[in-house]
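Following are the structures in question.
Across the two complexes that follow, chain A remains constant while its partner is chain B and subsequently chain C.
Showing the complex of A and B:
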């Protein structure tokens, strides 16, 4: 298990390195005349050159990247070109908002999706047909369209929740809940559909497995077989799907934060990519890459714990 | 004991069946009402959008400002938008950009994913490893973040972003094609084509492309839906190409003025939702039709099972046990299976069978003769969709058929089951010890230590040299022969009086087969258990059994003492079965553990 972990960690470091290199090169190639953009058309060529030099942009690209890499490895992602805010500070200010969303969605999805899936897979019948239809619908409708409908029904028409804005949990727990509930639900619907569908089919598949049949012939209570054997073996694929959904969740958060006016990482990404603020974009890309790496590692650990066989491969 | 009867199995036909089942995609669509409806809706939308310049009454940007926000009226069937533009015209023209963007993403993804998948799957090697690495890398990137970042690089043109999206979704095609190609590469008919000297490109074109066509079409529909959704989402939050009309941009405008004109949100929302839903339903429909899923036999619910038991009990008016005192006594057993359509199909037509204590009875027949179904009925593990349609099964005089779950379970306590495939019959997630001790700990309330001692004893009894090590091992850490001994120990753990073994040696090496049969014989000798052994192998019968029953087409055609049936068979069928035994041939290859990683690619 330790060797397995070490291997995965090594692969993650390579992944982060490649991501940072590719992103840095592409961004730098596109942003050729940053000093001019910053100072405006009327600035003198000397001033522009001085600005570029002060940002370190007059050096060869590889040197710039190496410099970035060394600093980033120490946790220093530099300052924004446009607002001279520290990248880490800017991200740190907005991270709690997005984390609230992501954690809320993941917990809600895991719990509701898992329960629905198990229920449908074990009971079959009406609840099974409901989960089937729900999962097709969740997949078929674009997430932001569902979000629009949710905003209109629950915020505009019923006025149960505010349509826009964010209250930090440190200020008021109730306020935080009221601003976070609709976005979390909006992001969770398709994820729940996906998890429920996956859990349902793996529960049905595992329940038909030879070893379940054999256990049943030894007079074990059905409940015990279901909870100890079927669910354990059926949970691994669901965990994989949950991990993949996390990658999609980062994208979904961009749109949902924009619609609900939440000052999170997603909204920040839109703002800074529009301006081509390379240090900030690098910070954001690395943040999401690290997020993905952590989630994948957790998923691998979880699967290794559930399925001993996975530990050796 | 090195002979095996050659009895035809279904496996040989699998390849032929796969070929004859050509993916008639149009037929598949037509066979599903929902898929057909989705296809028609999609076709209408595409035609209307393509013909937009012809059928749209106005240009997309023709504005009459004083008409802004006005509702539907003659000539402007969907009314005017926030700037006084005709909604219908804007919807039709906008569709060109929205659907066009999806087409670009698709073309890029197909152009990258399909050829690379073909190459990687067909040739393998370094290209396969490299492209797999790239695929995993790309798939771990959050698409939306990459799109936004590339917007910083490439400028705010939706078309360019759709090219990027094409790159991001190409891995899904790559994986699909690679998996399918790698699967058929070693099929016999592809080998034959290669031996016949066909050039690689013709083999790929003829055999491989036909295999991947259907899955690729399904994936196209799904990816188109994703592309449309993502693109519209980007435009909706205001990251678009400025004043080019698209459904996403229309939604954006309508959303900001929702209070004044809620209907404006409905039209682009409907267009987007319908297109997206039609694509997904179409994909699901084609897949279900080709897999013949959805036509899946519905399993019984608890209520249906209860009703069925009650009904049968009423029909029979209670079965008298007519003094049959054998360990196992089957009379007139019928087993039937529900069908997706049409009446149920009966596969066992009235079988009688007895096993006395201390007796080893062989139940032989070729694949599909109903021998395993008979054994499954006794054990209460008939596969989904199947049920006992009639007859009586007594264990030590207690009726199992229609007895209700609790009483049947009590009756079956005297049974132990030894299955066919050793590996697939052990739960891979638990150690051998954990799964073997469960019936003792939870069924018989033994303490952990007692159960452990008992199982170690049984593992030693089935001739396992190092019981402690096997007890602590996971199933993937032991060999197939070892696993079969473990399963025999598992069958013994409940102290059964009758062991039902379903082809217990088929999956094993020849030397291990003899040892396993030896164990069964010794158990009978030492413990006096009865054994019902289901097999297609007459060698096993000759070696082990006291009595034998020969099954064909769901009926017992001949029964008697082994020596009599094998040396002087009365029935033609039995004679043919005996005549079909070749000398010194092994029919089935030993069972090998399938690779775990193959699953990801499906």
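Showing the complex of A and C:
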């Protein structure tokens, strides 16, 4: 296990380095006129040159990257070019918003999607057809449309929940719940559809496997077979999908964040990428990369726990 | 069992729909509490006065006073300066300052502090540093100073109501970036750093012992959004108290809520800035008849209807409605007349038309604008080609490399005639080829030598000349909507899109 973790850690360091280098180069090559963009078209060429120099942009690209890397390794990601915020503070302000959404969606999706999938896979019949229709609808309905309908009905018209904004959990648990409930529901619909469909298919497939039939013919209780063998084996693919959804949501909740006016990482990614704010984008990319590494590791460990056979590889 | 479940779900949905239909609209408007929550799409790059620019001024006005106050109608009123006067040459401005204002750390606001601010603004390399280029500030005594200009600049008083006039605590200047996120001024509010999340929400508390009239609001919050849909939802649900809406569809959404109050704001015009009046890139544009033909060729009414649902006013002039030089009669100077456009082109020896290439910034030139302009110009024989430009390099391509003859742009219309002149007419950023003529130079010279209240006729003459000579191809002024919830009063600010902080109050 330790060797496995060490290997994964080593690979992760290489992954983070390559990701940072490629991202930095691509962003820097695309940003040709930062000083001008910051100061506007009325600024003199001298002022623009001075601004570029103050940001260190008059140095060779590799020197700029090396400087960034050394500081980033010490936890200093610099300041936003366009809002002067410290990158760590800017991300730190927005991360709780996105984590609230992502964790909420993941929990809701895992519970509801798993239950629906198992129910449909085991019972089949009407509930199975319902889950399949729900899954197709969940996939087919455009996310932004669902979100807009939800906000209009439950926030603007009924006033059951706030239409915009975010209240930190540290400020008010009730307020926090009220601000994330609708966004979490909006994001969960397609996610639940995906997990339910995945679990349903896996349950049906595993239930038809020879070793399950063998266990049944030996007289093992149906409930024991279901919980100890069918669900355990059927859960691994769902866990993989759940992990991918979690990572995707870190930066992928853009539309929901925009519609609900939530100051999260997704909306931030769009804003700062549009402006070409390299220090912030680098911070976001690193956050995302670290998130991918951690989630993949957790998924691997989870699958290893569920399926001991998988630990060998 | 199954039927019972389905029946319960159906009843729930019906109840929800019933409630949806009944909710909202008819509730009595309660008195507003003393908080003001503004939604905006403008983001300040910092809260240091040297970084202040147009749309972000409210963030600064909350914490910094300006030397001179610009009233809602655009006139100038005392603020930190109580009196001012020019000498006969209009190159030296005397200012008398208040003697009862201090910063929070006890540092007095006096002439030395004002000079430190003005010098720093001039030399700080900010976006508007050119406002004070060449200006020399001299302290006469604690409450008097002079600003001496290398040549008369009729915009100086305006600058002192704007970014150049914001006064910060000079004790903070020695520390680099000290004011970027922790502003220190004498304004009506102080920044609440614990409740502020730079980049998303700025929270301010009313200043204790403010030297002027206390604002009505004990707290002020300015939140930044990246789309107007969220802002409108915030207004409808009372989570926001005021915002400026620019897009036609969101204005329509706000209009459907009878509880909201909407006021027209005419600030930006949209049109083609024809830089190349000397014909350096497109030789045909050197002939005024060709530029006039362009103006006659565009069907502004249809374009306004298609692009902005008619929310605006067609115009042929770049002077704004709040200026002295504005002449309503000039708005339809170039009424849609493709036959006349074709005739003018023929007179100029271009009966077969010519080719024009303009950069396309998709954030401004939407598909319907691109198509409308292309179609209108093609009808008189002008082939318009859109060059796709990258947002990151567009400014350099257009303003530094001078690759194009013009560009479609949304431009704010200041309440100051001189700002209109210096921004668009004088050689500079938007006249980078430096084209001019005798009429323009004569009028500019005469305006410089006169007090502002004696210049109205000259500006009207200048405006008429610019329109007749077709320096630009304006389409229309865009109507924005300043929206407020019940209980909040606000007055629009002349020559400014986002209204000033001072213009908000609690309704009686």
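Just so we're on the same page, the second predicted complex is superposed on the first by the 303 of 313 C-alpha atoms of A that agree within 3 Å, B and C clash if a C-alpha of one lies under 4 Å from a C-alpha of the other, contacts with A are read in each partner's own complex, and residues count from 1 in each chain.
We adopt the following convention: a residue touches a chain if its C-beta (ideal position, glycine included) is under 8 Å from a C-beta of that chain, and two chains touch if they have at least 3 such contacts.
Only a predicted model underlies this, so the values are computations on that prediction, with no experimental measurement involved.
Colleague: For A:232 in the superposed arrangement: first (chain B), second (chain C), both or neither?
Modeller: first
Colleague: With the two complexes superposed on chain A, say which partner A:273 touches: chain B (first), chain C (second), both, or neither.
Modeller: first
Colleague: Figure out whether A:115 sits in contact with chain B (first) or chain C (second), or with both, or with neither.
Modeller: In the superposition, A:115 touches no partner, neither chain B nor chain C.
Colleague: Contact-wise, after the overlay, does A:83 reach chain B, chain C, both or neither (first, second, both, neither)?
Modeller: Only chain C; A:83 stays clear of chain B.
Colleague: Based on the superposed arrangement, let me know which partner A:297 touches: chain B (first), chain C (second), both, or neither?
Modeller: neither
Colleague: Using the touch criterion from the header, give the chain among chain B and chain C with more contacted residues in chain A.
Modeller: Greater contact footprint in residues on chain A: B.
Colleague: Which of the two partners, first being chain B and second being chain C, lies in contact with A:44: first, second, both, or neither?
Modeller: In the superposition, A:44 touches chain C alone.
Colleague: Between chain B (first) and chain C (second), which does A:156 come into contact with in this model arrangement: first, second, both, or neither?
Modeller: both
Colleague: Under the stated touch criterion, which partner chain does A:261 make contact with: chain B (first), chain C (second), both, or neither?
Modeller: second
Colleague: Applying the touch criterion given at the start, work out whether A:36 contacts chain B, chain C, both or neither, answering first, second, both or neither.
Modeller: Second partner only.
Colleague: Taking the two structures together, which residues of chain A meet both chain B and chain C?
Modeller: 30-31, 148, 156, 258-259, 270, 274, 276
Colleague: In the complex, go through chain A and note every residue touching chain B.
Modeller: 15, 18-19, 23, 26-27, 29-31, 123-125, 136-137, 139-145, 148-149, 152, 156, 208-221, 224, 228-229, 232-233, 247-248, 250-252, 254-255, 258-259, 269-270, 273-278, 281, 284-285, 288-289, 292-293, 296, 306-310, 312-313
Colleague: Can you tell me which positions in chain A touch chain C when the two form their complex?
Modeller: Those residues of chain A that touch chain C are 30-33, 36-45, 47, 50-51, 80, 82-85, 89-90, 93-94, 126, 148, 151, 153, 155-159, 162-165, 258-261, 263, 267-268, 270-271, 274, 276.
Colleague: Provide the residue numbers of chain B that touch chain A in the complex, in ascending order.
Modeller: Counting only chain B, the residues touching chain A are 137, 139-145, 148-154, 156, 225, 228-230, 232-233, 236-239, 251, 255, 258-259, 262, 265, 269, 272-273, 276-277, 279-281, 284, 298-299, 301, 379-381, 383-384, 409, 412-413, 415-417, 419, 421, 424-430, 435, 438-439, 442-443, 474, 476, 487, 490-491, 493-494, 596-597.
Colleague: Hey, which residues of chain C end up touching chain A in the complex?
Modeller: 2, 16, 19-20, 23-24, 43-46, 53, 125-130, 177, 180-181, 197-201, 223, 225-227, 229-231, 233-234, 236-237, 239-240, 390-393, 395-396, 399-400, 428-430
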